[in-house]
Structure formats: structure tokens, C-alpha cells
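Some structures are shown below for you to check.
After this come two complexes, each holding chain A, first together with chain B and then together with chain C.
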Partner chain A sequence: MSATSTADRPAPPRSRSSQRAGRSRIGPLFIAPYVLFLVAIFAYPVGLAVYMSFHDYFFAAPGAIVDRPFTGLDNYAEALQDSAVLQSFGNVAIFLVINVPLTVALALVLATALNAAIPFRTFFRVSYYVPYITASVAVVGVWLFLFNGAGLINNLLGPLAPAPSWFVNSTLAMPLIAIYVSWKQLGFFVLLYLAALQNVPKELYEAASIDGAGRLRQFMSVTVPGVRPATFLVTLLATITGANLFTEPYLLTGGGGPNGASASPVLVMYQEGIQQGNAGYAAAIGIILIVSVLVLAGVQRLVLGRK
Partner chain B sequence: MASAAVEAPSTAPAEESEEHRTPPAARPERSWVRLVLLAVGAFAFLFPFYYMIIGSLQRDPEPGPGGAFPNPANITLDNYESINSSISLLRSLVNSGVFTGGVLLGTLVFGLLAGYALAVLEWRGRGAVFASLLLVQIIPFQLLMIPLYVMIVRSYGLADSYLGMIVPFAINSVAVLIFRQFFLALPRDLFEAARIDGASELQILWRIAIPLAKPAILTAVILTFIGPWNEFLWPFLVTKEADLQPLAVSLANYISNLAGRAANPFGAILAGACVLAAPAVAVFLAFQRHFISSDLGSGVKG
Partner chain C sequence: MKRKALSTLAVITLGVALSACGGDSGTSPDEAATVTGPIDIWYSNNPEEVAWGEAMVEAWNAENPDAEVSGQEIPAGTSSEEVITAAITAGNAPCLIYNTAPAAVPQFQKQGGLVNLSDFPDGAEYIETRTGDRSAQYQSTDGGYYQMPWKTNPSMIFYNKDVFTAAGLDAENPPLATYDEFLATSQTLVDSGGVQAAIWPAASSEFFQAWFDFYPLFIAASGGQQLVEDGESQFNNEAGQQVADFWAQLYERGLTPNENYEGDAFADQAAAMSIVGPWAIKVYADAVNWGVVPVPTPDGAAPEEVSTFSDEKSIGLFSACENRGTAWEFLKFTTSEDADGQLLELTGQMPMRDDLTTTYADYFAANPDYEVFADQASRTVEVPNVPNSIEIWQTFRDAYSQAVIFGDADVASTLDDTAEEVNTLATDD
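What follows is the complex of A and B.
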């Protein structure tokens, strides 16, 4: 911004910017690989996805010249009437309704508890972060072991164990995936809140305690509003995680089972686009998903983003 | 690590205004609540990992409560042999390593250049590139999988190749953001002085900025490492040949296709899971001192 405006008009204090004139040639050179990367991996694919979604785009043998006719909004109309697609979006809604509040509440409480001079502080921080840095494929293995029909959880629950066990139960599969993802990502959000807590002015707590506010009241009236920008970020990132869901339904519930009760949109895109070869159709599902995420992000910004 | 400023209690822990500077440690009943809460959290986070290791060593799976305590008579390394005979662990680890190494190399070389250009140099379009850098953080990568698959696998024929795996992750944008934030915080005079001495920008980056940026580089390395090491969907789409699959992919294929054939399928899965988890956890534990929460916060917040 400022670089462009100073280069355009000859402002009086020009000694610094003319001194930098030679350097400004090296800047584009340094940034060029990254810009190329952004164009090739983000901008062009987004454009290609939009193009594909308006065509009957299917896979053909390499080199074969095939006709991929323009079909307008057909892919979108079909996707919005496809019960598998609608079910997968509904599943993400269930996921978000459980995952986002759980993540916000637990991460903020744990970050507040960590934000003090307590023994074993480093140990706690490290242990919270371990699930986040471990591959989902690895952790999925132990969750399958814990929650299978004869697993430890059902053993502990005894007669209270759910009848079709957790991941093969169409009511419980998606909520348990939401809990799994909350558990796995929580450490990241705890650290995020821990950083945000450093920015809450201490005077506010002092003022609140002078006014006779108890600990819980201080948490609700000082901490919660004080970390609101971070809460917006947490809900946004959790929403994006939900939209990206693939590995967990693919592995935990054997491909979104039972009967699609835990299928995610990305899983449906994979099945439609890559397994069935209807790439245009899958691209349309992807565009609908991106638009949904942007709308949700806008709503979250309206609710949480304002100061 | 976390510096004295972070250690200081910023949530004034007292109700009475006279006592609000008392550190929480001096108020036992308060630290008790905190500690119990944190300990319950730590148990919930760590128990599955403990159970993963125990499960990987059991000859017969013991799903009862007693199974959480290792029974010496039931301990074996057979599960590791079993998983190794189905998916070559060494080969898969090498593939994971090449994939991750390629991404790290690309991020360190091009990401440092980009971070330096965004923080220190002035050029046309800098604002636009920085805005794009922030924008791509909220584009869910997996939503681009269909067009990327068409481009990389179908158009460029990079299926079953390391390059095809690496390209979409080649420069980690979060790492670029961390580099930029760190370089921005360095005093400008440092760069000016070096320029007056006739150093080129590349020399300044290499001799001054990078040596000072070691904490940021370590943070970025950890963040960048866990991305491709743990990534499943993209390498799963790109690699059909077992010889080229990273461990996350070959283990996932084992879970969904082959596990039924093993004598102790959970044991074999958990053994593979331990092998997949160990390097990332080890890298994190080795460098966690440098992994300061404020770095992460500023990196993510921009």
C-alpha cells in the first residue's frame, strides 16, 4: 500500500524511498516463488473448481480429447437434491453444534486454569498438545480400540454400554467423531487462549474484585469478553476443521457409516469425484461447502467480531 | 521456556482487593481446584497414548479395565513384526521422511525469502500478497482436492511421485507468517547498517536475519513438520503404489482393508500407530522449549 503510493507521486521526503528504489527490485524476486505457489495451488484451483462445477467434467484416458459440455447450474441443482449430499451437510451441522461450543468452553477453562504459577505447568501444556501434534491416523487406532463393542469404554460402562456400539450406532457415530476432534484439537486452542489471556488487562480483574465480583463472575464478565477476538478465531478455525472432515469418518466409521450417518461432505466429494469419476459434480459440492463456510464465518464475525 | 511474564498470574486470583497480588500458590484451596482440573485434563489427553503403547505390546488384546496395566506374561513385540510384514514400516517411514523433508526444504528456502520480503523489503503489491497470505489461511485445503487432483494427477501425471505429494504443501503459509512477524520485530537499524556496509539483501538475510530468527525458525519447523508427517488425504489420493505411500497412508489402508487378517488386529494397528506417532511427538518434545505460545498466537493472529 504505502510502497505503491510513494512510488507513484514524488513526495518531498524522498531520500529514503529513492534509496530503496534499487532494493524494490529484489523484493518481487524474493516473493516470486511464494506468489507462484499461491497462484498455482490456491488461485488457479479455485478457478478450475468453479469451471468444473459448471461442466459435465469427468475423467477420461490421458491425452484423449473428450467433450465436456457446459451444463450451467445442473451440478448444483443435482447436489442440492442429492440425499447423500444433504445428509453429509446435516452431519457437519451436528458436528459443529457439538464441537464448537465444547472446544470454546473446554479450551478457555483449561487455558484459564493454566494461566497461573502452578506446579507442573510445562507438563500440563505439553500433555495437552500431544494429541494435536499426533497423526489422526495413529490416534484413530486407539479410539477404535477403546470404543469398539468389546472395548474398554463398554467394559467400564457395563450394562450402560450403547446397544449398537459407538461407531456403528447411527445416532452416536457423528457426536463421537465431534468429541474425538474436540479432544484432538483442544491443545492448539488452549495455547491460543493462553496467548489471548496475556492481553486481558489485569486492572479489569482488580476493578472487578473491588466491586465484589467472585471468581466465577470475574471469569464471565472479564475473561470471556476479554478474549472475544480469540473466541472468534477459535470458532472460525473449528468451523474450517469441521468442513475439512475426512480422515475421521473414513477410518473411525468405515467410510461414513452406518448408512451415511457420519459421512462428511469431503468424504462424499471423494466418493463422487475420485471413486466415481464425476469430478464436475464433486467440484460443485466443494463450491457449495466453501460458500457455506464463508457464510458461517461471516455470521461468526457479526456475532463475535465486533468490539 | 514460557518466560517470567507468562508465568506471572494475570488472572488476579483473589476476591478480596487487599489480597489480589498474592500468587495463587500461596492460596492452597485455589491451586487445588486448578490442579485437579488440569490433572483430569492431562489424564484425558495422555491416557489414550499410554493405552496405545500398552495395546501395541499385548499378545492378546485385554479390553477389560485390567488391560490398562501391563501384564508381563502378555507382553510381546509380535505386533510390530505383524504390522511390518503387512506394510513395510521402514519403506513407509522413508516415504514419510522424503515427503516431510521436501515440504520443510521448500518452506525454509522460499518461506524465509517470502517472510523477509514481506517484513523488510518494500515493493509494489506487498499489501496484496500479505492479504492473500491471510486469506489462504481460511481456505479449507481439502476443498481444493478435486481441482488439485485433476491438475497434479491427471494433467501433470505426478501420481505416485514424491513431487506430486509435496507440491500442494511446498510452502507453509503459517510458517511464512511466523517469519514475517519475527523479522518485523527486528530493529530496522540492523538492516540499514548492513546495507551501508554494502551487504546484499541475500547476505543480510543469511548472515543477520536468519541467525537472529532461530526461535521463529524452530517454531515454524515444528509446525511444518507435523503437517505433512500427519497428512492423510492428499498422499492417499496421489499414491496408489504401496512402495511410495507414507506411513499415515499405509497404516490407514491397513486399518480399513487388511486388519481383519491379522491374529491380533488391534495390536498390529496400535504398533503401527506408535511408529507413526513417535517421530512427531519426539520432535515436539525436543523443541517444545522453543515452542512459545505467543509465537503461535502471533503467527495465527497475523
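What follows is the complex of A and C.
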């Protein structure tokens, strides 16, 4: 162990370029545009949402004299006792339990397959990506034709078709939406895993092969640990996008039906805040959702993000 | 350092958030009502109304070069109401919007987005003279008119004569007047008419869907009651119970599916009947051999006694408008007898005029298909003009969906429970 501290050492001479750049001063300038972007697009809306959630807030015309009194925690208390809100959080929990593991598993398996030397590899890579870049409205139309009462799936299933049918069945509606979203977004997550797979050293597979590991063993012992950072990222992104679920229940189940079985917190926020004019209440639901997602992300970081 | 930076950011954020409140325009309604100059207007985006809107703007601008009007279709959005709410909040709403839903008016009014038309010296008188007794339905709780009743699409039952004939039913005088007749006819149509459904209203949960299944029949069964009157729910009475039971039977027997049809079930002949307004005449003219009857009532009331839902759209004059004098004059210009005649001619929709059939007798003589709707237009009922209007409709729709469409709850107790919720909302401003 050296007895000389770094403070005792003479400072290394700064290069001329470093001196010219004025490193400590120009750094903040470089990050300033992004900080401004964050303040305008994220911090200000969140700050306003927090403010709104503590008031009987509604949107009003500029200059209009309106009463929007401070209500303390009333909006939060009401939201936490509102059966529709609680149901929507329960629904999104069901969604995440199905969607996140399914996304991780399918994306990793497909990325591994598409990373191997298979025929028509580019074709398959593009094919899996197409749903991700296709407009939701168009894809939703196809799924409705597939899964409605007289749709293709029920015709194939015949007497085994569920009654009530898929999207009007309170048990099946949310799981089917979770499967739909997994399928729709798979291409993006496959892409993330494909990038991660390029960083797994080939030597590890060769060593495992020499040790007698088969394909499955190699996948479990080399690939899965090798893409762990990507798995954390995929889990986090799938959770965040899943928690913000809106388009699918809005379009697939006609506004969160049947009986609210597919309503998501964001859909309830939209109904309360935009349609019904209860913006303060909707903001409180939004803040509860943000906190819930942060807690979930923290847990995921503890489990998957550790070195 | 990091903590200090975060604190500074939080203070700035809160400051900006708080600065979003407050302010006052400082102009009195009397002064504002006299200001003239150029104005912007929005109209609906269907081709017929666009043609009418463009014709109106052109005619006005030819006579008023100092107060020109610029017209455009209402910007695209999930719904007109959301686009208008955003425009009110941003302060860039146009002077007039020719597609304002009466259900949204209480909310726009609360937002300070609408001008009280009664503030114009001849405002209330003009509306009441043109629309007659029905104008009372468009008055807000403070007695003011924050909307100009403009045009109505009274809801009636359209039916496919070919399907009725194929099912062995009398297509010229279909048995659809009473609930028992309607149910029996529906069963025959599904059994023998080659259709999936007798009638196929949307089964989805949007707040406005009740206007196209429960509400027209409730108005007819109750002799013209609104969903809420004097702050009290009206639907948990005998009429409401009968209507809910009627629809529940249609769903239970599979005569009305409990999921949405992808497309137009009536045009595709997947359903034999549909609840529509006079707009449907042009839409289905080439696709369906149609007939029309009033909505059914429990005991089969005479057609001339049946009231129905108006499906009306109003004109709103928005508070962001600076040249309100011009806006008011243009509003009167576009609701004059001549302008209403052009609206009728181009769109087939019924102007909210008391004397419709006599004023436009020539038009109805030349277009007899529209006459039955014109007659029905004199007996229309609007959504209640009460606080929390849309929340009330969403509450009602959710409960109706559970009890009637999906049969997951007792109809009578659901109506009673929902009535209590609605009573609270209707009096909670």
C-alpha cells in the first residue's frame, strides 16, 4: 500500500487542448440543451401534475376567473378508494405479469435464433419488426377480425371457442391484450437483444462446447448471463410502456370493457381528466402511477440490475 | 452541489407551475359584444357540412369585406369535445364552432370557454323565436344560453325491408310499436331473416353510447323525460326499468350482440334495424331498401305522440373571440331561414326551428323521405344541461353496461344505485 496520497502528488500537466476547452466550463454548456429539454418536457409537466393533484383542478380558458381550491390529499384518498381506479391498477398488474415475462422470454429466444446462421435471416428479422412500426389502429383492426365472436379464431376453435368471446370476456380480455402488446412490441425488444448478443464473446460458447455443454446448456449458462444488462433494460422498458397502457384497451375493448375488466390507469385518467374535466383527480391517479412504476423499477434494479 | 442543483430545479418547476394560474381579460360583456372585425370559425368535417360551411362563408364575405370570416374543418382529434377543450385551455379557440355537443356545454361553460349569448341585446329572444319551447332545454342552470340550438337528427328506427320480407314479415307495416312486438319481430328476423342480429347498437363503454340505445327509448317511454330533471335522476322509474329490461332481453336472447360490429352492421346486412337520424337517408340510399318507424314504447304509443332523443348539435361562441359583434351577426346569418334551408337541402339534417314543415314545405314535398323525420324533430328531447354532464353519462353507461349489456348485475338495483350517484353529481358543481 502506498503511503503517498494523491493530494501529495504533483498535478499532471494539462494538455493544451484541455486548457483551451476549459473543460469544467464548457461541460455544462453541452448538457444545457438536454437539461432544458428535460425541464420543459418532463420536469414542468410532472411539477404541474403534482400541483394539480392537490387542487380541485380543471382546465380553463386563459384569463377566466375560476375557483380551483386546494384540497390537500383528498384526490389521493378518493383515488385509493375508487373501485374503478383500483380495478384499473389490478388490470395493469395482470397485464404486466403476463406481458413482461412473455416479452423477455420470446425476445431473447427469437433474438438468439435470429443471431444464428439460419436461412432467410434478414427476412425474419424484418418480419418481427414490422408489427412494431405498423400503426396501432391498423393492427388492432386485424386482431378484432381475428378474435371477435364470429372471427377466424372462434371459427377454428368451433365448440371450444370461449363464451363470451375474447374481448368481451372479463377473464380473457386483459390477458389477450397483454399477448397482443407482447406481439406488437416484440420486434423492438428482439433488436435490443440482437445488439446485446454481439457482445457475448464467441470463446465462451467454444469453451462451453468443449466442456460438453449442449445448445440448451449454452443458452442457459452463456447467453442468459451474457445479456443480463439487456434483460434489465428490456424488463424496465416493458414495465414502463405496459404501465402506460392506453391505446389497446381504448381500441380493442371499446373503452376498457367489459365492465372495466380491461381499463388501465391511463385510460381512467383520460376519462376523468380529458373527457370529464376532473384534471386534478386524474393528476393524482397519474402521480400514484408514477410512484408505483418507480417502486417496481427499483425492485427490478435490485433483482436484475446488480453486478 | 448536486442537492443544490436539484433544489433549484424543483423551485423553478414549482414556480412555473404556479404561474400557470390567474389572470383576467378585463373587458365587460357589453363592450365585447359590439366589437367587429375578422373572425375564425370551425365546422364539422363531413362533406355535406363542409359544403354548407364554405357556401355560408363565401356569401358572408362577399357582403362584409371589413369583417371577413375564415372557415375550416374542426381539427382532427379523438373527439370534437377534446379538441375544443384543448383549444379553450390554450386560448386559441375560434369564435364559432358549428358542432358543439350539448352534453359538453356545461363543462365548456365551467372552463370559462363560452360566451353567454343572452349577453347580446337580442340573444335570448333570437334563440327562443327560432327554436320555440324546445329552447328551454338548452338553457344553462344560470338561465343563460351558452349555446345556439342549431340542428337535430331525431333518432328513429331504420329497418331493412328486404330482410323483413325474407323473414315473412310485413315490410310496409312492421310490427315494431310495442316492446312485445319488437322482441317477437327481432326473434323472427334472426331466426328467418338471414341476419346475425335484429339490431346492433355499439356495446362499448363510451359515455355517449347511451344516446343510441337506452336514451331514445327512455324518452319515448317516459313521455319526454330527460335523464336528469331538477337535479334528480329520472331513469329509475317504471319507464326506465321497462326500457332497461327490454334491452336486457334483446342481449340475453342473442338478438343484439354484446360486442361491437367491425364496420356498419346495418349497411352490411348483419343487422336488420338501426337507430339513426335523417343523415342515414343519404348514407343508406343505395345500399339498403329501407323503411323508418318511431322507436318502440312499452304499450305502442301512436307515432305522433312518440318523443325521442334529439342528437342535436349546437353552435358555441367562444370566449377567446375578440370580435364578438361580428361573430354574433354571422351566427344569426347562418341560422336565418335561408341558411337553414340550405342546410336542410345539403345535409338532410333538421334545423332547430319550430315551424320546420311549413317553412320548408316545398322541400318536404320534393323529398318526402325526410318528412317523417321533420315531424319527429318537433318532439325531441335533449341531454340534461347539468353540471358534470359527461361524468353522469359515463356513470350511467358503466352501470348499464354491467347490468343490461353483460347481465352481470340486477337491473332494478343497478338503476337505483346509479340514480343516487347521478343525483350527487348533478348537484355537485
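Note that the second predicted complex is superposed on the first by the 265 of 307 C-alpha atoms of A that agree within 3 Å, B and C clash if a C-alpha of one lies under 4 Å from a C-alpha of the other, contacts with A are read in each partner's own complex, and residues count from 1 in each chain.
The working rule: contacts are C-beta pairs under 8 Å (C-beta built on N, C-alpha and C of every residue); 3 or more make two chains touch, one makes a residue touch a chain.
Please read all numbers here as calculations on a predicted model, not as lab measurements.
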item: Fit or clash between chain C and chain B when superposed on chain A; value: clash
item: In the superposition, chain B vs chain C on chain A residues touched; value: B
item: First, second, both or neither for A:Ser165, with chain B first and chain C second; value: second
item: Which of chain B and chain C A:Ala77 touches, first, second, both or neither; value: neither
item: Partner chain(s) touched by A:Pro258 [first = chain B, second = chain C, both, neither]; value: second
item: Which of chain B and chain C A:Leu144 touches, first, second, both or neither; value: both
item: First (chain B), second (chain C), both or neither touched by A:Val295; value: neither
item: Partner chain in contact with A:Phe58 - chain B first, chain C second, else both or neither; value: second
item: Partner chain(s) touched by A:Val97 [first = chain B, second = chain C, both, neither]; value: neither
item: Contacts of A:Ile41 with chain B and chain C, given as first, second, both or neither; value: first
item: Partner chain(s) touched by A:Ile274 [first = chain B, second = chain C, both, neither]; value: both
item: Residues of chain A contacting chain B in one complex and chain C in the other; value: 44, 46, 48, 59, 62, 141, 144-145, 148, 150, 254-255, 274
item: Chain C - residues contacting chain A, complex; value: 9-10, 12-14, 16-18, 20-21, 23-25, 81-82, 85, 88-91, 93, 107, 110-113, 196, 202-207, 257-260, 262, 319-320, 388, 390-391, 394, 398, 401-402, 405-406, 408
item: Residue ranges of chain A touching chain B (in the complex, touch as defined); value: 1-4, 7, 17, 20, 23-28, 30-31, 33-35, 37-38, 40-42, 44-46, 48-49, 52, 57, 59, 62, 109-110, 112-131, 133-146, 148, 150-152, 154-156, 183, 186-188, 191-192, 194-198, 200, 202, 205-206, 209-210, 212-215, 218, 223, 229, 233, 236-237, 240, 243-244, 246-247, 250-251, 254-255, 266, 269-270, 273-274, 279, 282-283, 286, 289-290, 293, 297
item: Footprint of chain A on chain B - complex, ascending; value: 1-2, 5-17, 20, 23-25, 31, 34-35, 37-38, 41-42, 44-46, 48-49, 51-52, 55, 61, 63-65, 67-68, 110-111, 113-114, 116-118, 121-127, 129, 132-133, 136, 138-151, 154, 157, 167-168, 170-171, 176, 195, 200-202, 222, 226, 229-230, 232-233, 237, 248-249, 251-252, 255-256, 266, 269-270, 272-274, 276-277, 280-281, 284-285, 288, 293-294, 296-298, 300-301
item: Partner chain C, residues of chain A touching it in the complex; value: 39, 43-44, 46-48, 50-51, 58-66, 68, 84, 141, 144-145, 148-150, 164-165, 167-168, 170, 253-260, 271, 274-278
